[in-house]
Structure formats: structure tokens, C-alpha cells
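Across the two complexes that follow, chain A remains constant while its partner is chain B and subsequently chain C.
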Partner chain A sequence: MDITLQSIVFVLVALAMILCSVLTVTTKSLLRSATYLLFVLLGTALLYFLLDYTFLGAAQIIVYAGGIVVLFVFAILLTRSDKSLNAKLKVSKILSSAVAAVAGLVVFGFCILSHSFAGQIAPSGKELDMKEVGIALMGDGKFQYLLPFEAVSILLLACLIGGILIARKR
Partner chain B sequence: MNGFLDYYNFKPVAEWIHSSLCGVMPEGLALFLEGLVVAVVIILLYAILAIALIYMERKVCAFFQCRLGPMRVGKWGLLQVFADVFKILIKEIIKLKNSDHFLYELAPYLVILASILTFSCLPWHNGMGIIDFNIGIFFVLAVSSIEVVGILLAGWSSNSKYTLIGAMRSGAMMISYELSLGMAMLAMVALSGTMSISGIVESQADGWNIFKGHIPAWIAFIVYLIAGNAEANRGPFDLAEAEQELTAGYHTEYSGMHFGFFYLAEYLNLFIVSGIAATVFLGGWMPLHIAGLDAFNQVMDYIPGVVWFFGKAFLIVFLLMWIKWTFPRLRIDQILTLEWKYLIPICLFNLLLMVVLKVYGLVF
Partner chain C sequence: MEIQLEYYLVISLVMMACGVYGFLSRRNTLAMLISIELMLNAADINFAAFNRYLFSNYEGHFFAIFGIAIAAAETAVAIAIMINIYRNLKSIQTKDLEEMKH
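== the complex of A and B ==
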């Protein structure tokens, strides 16, 4: 296997993502944790760009970096919950988390190893056309996603109404 | 017909450089070296434009206030900004006690990263767009949202009340105005039928979008200018750094070049907002074309695209500076009311209007 620029970039991004993911869960400060999470999400977006799926990459950035992480940071700034992280963990809690982690590793490992991926998913060197994505998202034929799209929008509406209901003062 | 437009096209040169580099080295290495050179060019251009914009801002501000502005250093104060840059480069970067150093030092880089990424999407010249995806405009909106994270982190990690309040205010403002910015863009994307920046510019070969889209395009243009001004944290929307109440907002505690990064990003964001407006509404590098008048179009084609682009961008920069030095600063509640109660309904209505006009073929 010859080393291409693509694979070098992939390895670098993947290593950075692994490092940041570990730091996300090991760091003591809540805000640092959110920042490392931001790096992981940006790394995911970079992987999409590497695969020439620019739409998903940009969506990843605008939804996660611009939306979710900002929301996290806002919530952390407004709530002052930094002290709870310094509390000592109980042994039972550590054990149960370890069991959950190992179980997750087994499930994911089994899925990845048993699933036969469609050959080498190498970038085709061609961007996926925006029109194709749009038509697939909005069409009601086979392999098109109008119904899930609308269902998700109803979910979001429910969240909005719920949020207003909780926040509203009588 | 477009003889002269093709004459100025940069693409053949770029392809020639690429193919001759590939002749002597593997393609990956060639791409890497080209990327490196382009990155250096972008950063240089970024710095030079910042100097030009700061000088322009000081002069425009001075003339609006019946002053002369910087006059002592060099002819008409031309060297003043260089002196200031030199001064800021040799200043000490202060380390704060009891603050999160990692986040404190990271924040300016996040802000400048978002700014440079959007900066490199601008269509400088025919065939000279640096980042040109088929989702170009969406990419611009996406990466510009990283800036909010940088501002919030800067405000929090400085460990001061002024910076925290400043960061909160400007975070809330930027998140809100991103919506109407995006929807104004969406209306124009509906008109052009493409999101790619080069595609949008090429679709304006027979007239700029602001003439082709008439009423909805003008509404979108005005909304875009207001929202863009807010995104750049300037003009009547500069309450993040309301000097009287908050000293300097989220960058109060920064010194030296770290403060310089925020300052650079602010001015360059002004230019980026203008550049995107020039691209989407005024045709980017595309000369002024009127469908049907071929002789006139031919004459306009003699002026190279890069002149057109900078001309349009600086025209809008001047417009925004005019607004900044004319209007007083708004309060945070006024800003949020303007966005949520006026601009967003206008934008939604405008999007609908644009789509209806486009579907019935009522746009040019």
C-alpha cells in the first residue's frame, strides 16, 4: 500500500481526534471538556471533507461547532457547575462505568469486524452534488427521506414548545 | 463573446503550475507545496488588508467627525498603522493569575481561524477562488460560526466580570443575527440556483443579482448589511465592547498580539462581510454587464476582475463605516428585538417572495 497525501492527513486527523476524545473525558474542567469536544467534532468534519462529502462536513460544523458546542458553553457559563467535577468518585460507580465501557467496546468492535464494508471507501475525487442531496432529502420515492425529515421537524417543534413551557413564568 | 473575460482567467496558469510541479515530484507533495504557498499568500493578504482597513477606518472616522485623523507619521499619516503594528508586536503578552491559561490562549486562535477560513472563500478573480466547494455559501456560514465559541471562551477564561458580560452579549447577538444572515443568503441562493461561490458569480454574467432579483434582492441586501454588521461586532451593534460600561468587552484582559488577533479579526470580518455581499449581490469579480448591450459589456471586460472585486468590496466597507460612525450604539434588548421581531419575519417573507417570483419567472 503506497502512502498518499490523503492517508497521511487521515492518520493525523484520526490521531488528533483520539487524543482529544480521551482528553474530553479525563479533563477536570467542564469548559475544557467542551473545547476538546469541539476539536473532536471539527475533526469529524475534516474527515467528511477528506471524503469530498462537503455538504455533510459543513453541516457538521454549523450544527455541532456553531450550535451544540455554543449551547454547551452557554449552559456552562450560566450555571457554575464546575465544582461537582472535583468530587471523589465511588468505587461502585467506577466499576459500573468500566463494565459499560468494555461492553460498548465489545459491541462496536463486533460490529466493525463483522460488517463487510463496501471495499475501500476511497474518495472518488468528485464532490457529491448538492442537488442530489436535496432531492434525496425532499423526495417521497424509494431511498428518499421526506417522511423522516418531517418526523424530525415535529420532534424539534415538540422540543421548542417544551422549552417555552418550562422557561415561561406564570 | 467573453473574449476578454477569458483573457484574464487565472485557471490556465494555476493548471500549468500544477502540471509542471507534478512533472518533477509526486502529486501529493505538489498539492502539499501548493497548499503551503496559498496559505502563506492568504495570511499575507490578510495582514495587508487589515492594515489598509485600519488606516481607512481611522481616516473615515476622522472625516465624519470633522477631524484630520493620523497626520504625523509619514505623508497623511500613511505610516501610522505600520508603527502601531510594530508596537503591538513587541508588547508583552500578559499571563493572568487564576485563569485557565489553555483556553485563554486558545480563544484568539479560534476567532482568527474562523475569520481566515471565511476569508479564503472570497472570489478574488476569475479562476482565483481558493476554497470553492459546491456548497460554498453554506461553508462560509458554517465556519463563521466557530468564531462565537472563541469569543465565549475568551470572555470566560479571562476570569473577569467585564469580559464575561461582554462575551455573553456578543455571543447572544451573533447567534441571533446568524439566522437572518443565513436567510438573506438563502433567498439569493434561490435566485442563483446554486450555492457554489464561483457558480453564483458566473450566474451574474448577464446582470448582477441586485438588478436581476429586484425587490426581494434589495430587501435581502439591506437585511444582509444589518446582520453582517452585527456579525462583525461593529457599527451600532458594538455593545460587546461598549467602552463606557464594559471597558472593552470580551478582549479587555488581552494584551499584545493576542489582542491584535481580535482586532485583526474584527476588521477582516468587516471586509469578509463586504466581500460576500459583493459576491452574492454585486457579482464578485464579474464586471458590470447589461444583457443586450454587447459593446458596453466588452468595454467593461477590459477592467480586470480583481479590480472589480476590490472596488465593490471597499464600496460596501465604506458604506458600513458610514453606518458605524453615524448611528449611536443600541442596547442589548433593542438589538435582540430588532432581530427576532423585525428582521426574521421580514427574511421569511422575503424568502417566500423570492421563491414565488422565481417560480413564476418574474426575475430577470
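== the complex of A and C ==
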């Protein structure tokens, strides 16, 4: 069994992501929760890089780490809800949530680990070409995505206008 | 040590379970939204990993890109709604949100 640099990086990122995602939902301060979420999102981007999807990883960092987490931090500070997580929760509520989450974890973990995925292709280390991504996003043939691309652009415009309309002062 | 598909699936599974736990146990709507982000990310990892290991085209890759764009749109609108609610009710705890009209 030879240990490559890639597998060391993978194990470190995996452990950090699991730890941070547990901390995201258990920490008492909402600002800390958002910070741990940032680490989980950066770890996800690293996983995409390890899968050779560099464009996807870059988009993940730009949109999530650069956009959404900043939006979260501003919203937390604007609504002064940083300390409000300390409100007492019923033990039964926490227990039932934990049972639901652990039950899902066990069932799906059993399914994943007992199923052998045939015909796995190991990542070759050759990254997905940027030119290929651009052509696939702009073409209208098979395995090309012009229509969803335009639909998403209209969705983003609609949510921009909707966000301004909802959040403005009357 | 070869990195298998299952390792990626286990990471995304743990993220998904954390998201479910946070969504059910948190009482602050922003904290619930953070849990939703965790779950969406777990789904995106699955798309990319399945695509890389089992298929030779790039459908999962593009699905993950569109998933990221839609998650961003959803978060922006949800945070706008919460800021509006805070302006009206001075609180965004779920127990105070019995009616949305004002």
C-alpha cells in the first residue's frame, strides 16, 4: 500500500470537513456557525480540485466563500441573532432530531458501503479543459447546456429584483 | 492508497446528516438556512463524484454548477425575507413567526 500525496491531502480535508460540519450545527454562536460553514465550503472546493474539476472548485470558492458566507455574516449582524442560539431547547427536541439524523446516516451508510460500484474510473489527474466547459455551456447540441444557462441567468435576475423589492425600506 | 468513490460519498453523507440535525434542532431561521446550505453542498459533492468515477461525460459537473447558482439565488431571497421579517417583528426566531403578514 503506497501512500500518495493526494491521499494524504484527501484524508486531511475529509477529517476537517467532517469536524467542521458537526461544529456548524452544534456551536452556540451563530457567527461561529457561519465561520465553520466557510471552512466546510472551502473543503468542498478542495474536493472538487482533487476530482480534477478545477472550474467547479473555483466557482464554489467565488460563489460560496466569497458571496454567500459574507451575506450570512451581514444578515447575522443585521438581525442581531448572534447570541440567540443560547435559548433553551427541550431535550426531547434535540434527541428526536439526533435520532432522525443518525437513522438517516446509518441507513444510507449501510447502502453505500454494502453496494459495490462497478466500473470505477479513477481520476486521471488531467483537469477538465476550460475550453470544453465553455463550449458545453454555450452549445445547444447533445450534452450541451445553453437552455439551462439562460434559464439560470433569468432566475438570477429575478432573484436580484425580488431581493431588492423584499428587503427595501417602505 | 487509491481514493475510492465511497470515500466521497461518506463525506457528503456526514454533511447531509449534520444538515438534517441542524435543520430540525435549530430555532433561528438563519441557522436553519445554514443547515440547508450544508445539505445542498452534500448533494453537489455527490453529483461531481459520481460523474467523475462512473461516467465519461460531464453531466454531473454541469449539474453541480447549476446547483451552485440556484443555491446562491435561494439564499439571497431567503436572507432578504428574513431581514424584512426582522424589521417588522424584531426577531427571526421560529416561535415568533406565527403569521407572516403585518
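The rule we apply is simple: the second predicted complex is superposed on the first by the 137 of 170 C-alpha atoms of A that agree within 3 Å, B and C clash if a C-alpha of one lies under 4 Å from a C-alpha of the other, contacts with A are read in each partner's own complex, and residues count from 1 in each chain.
Convention: a contact is a pair of C-beta atoms (placed from the backbone, for glycine too) under 8 Å apart; a residue touches a chain by one contact, two chains touch by 3 or more.
Source: prediction; values computed, not measured.
Between chain B and chain C, whom does A:L38 touch in the aligned arrangement: first, second, both, or neither?
In the superposition, A:L38 contacts chain B only.
Figure out whether A:M17 sits in contact with chain B (first) or chain C (second), or with both, or with neither.
So A:M17 only meets chain C here.
Look at A:S29 in the shared chain and tell me whether it touches chain B only, chain C only, both, or neither; answer first, second, both or neither.
It touches chain B, and chain C stays clear.
Touching A:T4, do we find chain B (first), chain C (second), both, or neither?
After superposition on chain A, A:T4 lies in contact with both partners, chain B and chain C.
Quick one: name whichever of chain B and chain C touches more residues of chain A.
Larger number of chain A residues touched: C.
Could you look at A:L77 and tell me whether it touches chain B, chain C, both or neither (first, second, both, neither)?
In the superposition, A:L77 touches chain B alone.
Could you look at A:L156 and tell me whether it touches chain B, chain C, both or neither (first, second, both, neither)?
Once the two structures are laid over each other on A, A:L156 reaches chain C alone.
In the superposed arrangement, does A:G139 touch chain B (first), chain C (second), both or neither?
After superposing on A, A:G139 lies clear of both chain B and chain C.
A:A59 in the overlay: touching chain B, chain C, both, or neither? Say first, second, both or neither.
Both partners, chain B and chain C.
Shared contact residues on chain A for chain B and chain C?
4, 6, 55, 59, 67
If we count contacts the way the header does, which residues on chain A are in touch with chain C in the complex?
Residue list for chain A touching chain C: 1-4, 6-7, 10, 14, 17-18, 21-22, 24-25, 30, 33-34, 37, 40-41, 44, 47-48, 50-53, 55-56, 59-60, 63-64, 67-68, 71-72, 75-76, 78-79, 81, 84-85, 87, 89, 93-94, 96-98, 100-102, 104-105, 108-109, 112-113, 117, 119-123, 128, 132-133, 136-137, 143, 145, 148, 152, 155-156, 159-160, 162-164, 166-167, 169.
Which of the residues in chain A come into contact with chain B in the complex?
The contact residues of chain A facing chain B are 4-6, 8, 29, 31-32, 35, 38, 42, 54-55, 58-59, 61-62, 65-67, 69-70, 73-74, 77, 127, 129-130.
In their shared complex, at which residues does chain C touch chain A?
1-11, 13-22, 24-28, 30-31, 33-35, 37-38, 41, 44-45, 48-49, 52-54, 56-59, 61-62, 64-66, 68-77, 79-84, 86-87, 92-93
State the interface residues of chain B toward chain A in the complex, per the touch definition above.
My answer: residues 27-29, 31-32, 100, 102-103, 106, 133-135, 138-139, 141-143, 145-146, 148-149, 152-153, 155-157, 164, 167-168, 171, 175, 178, 194-195.
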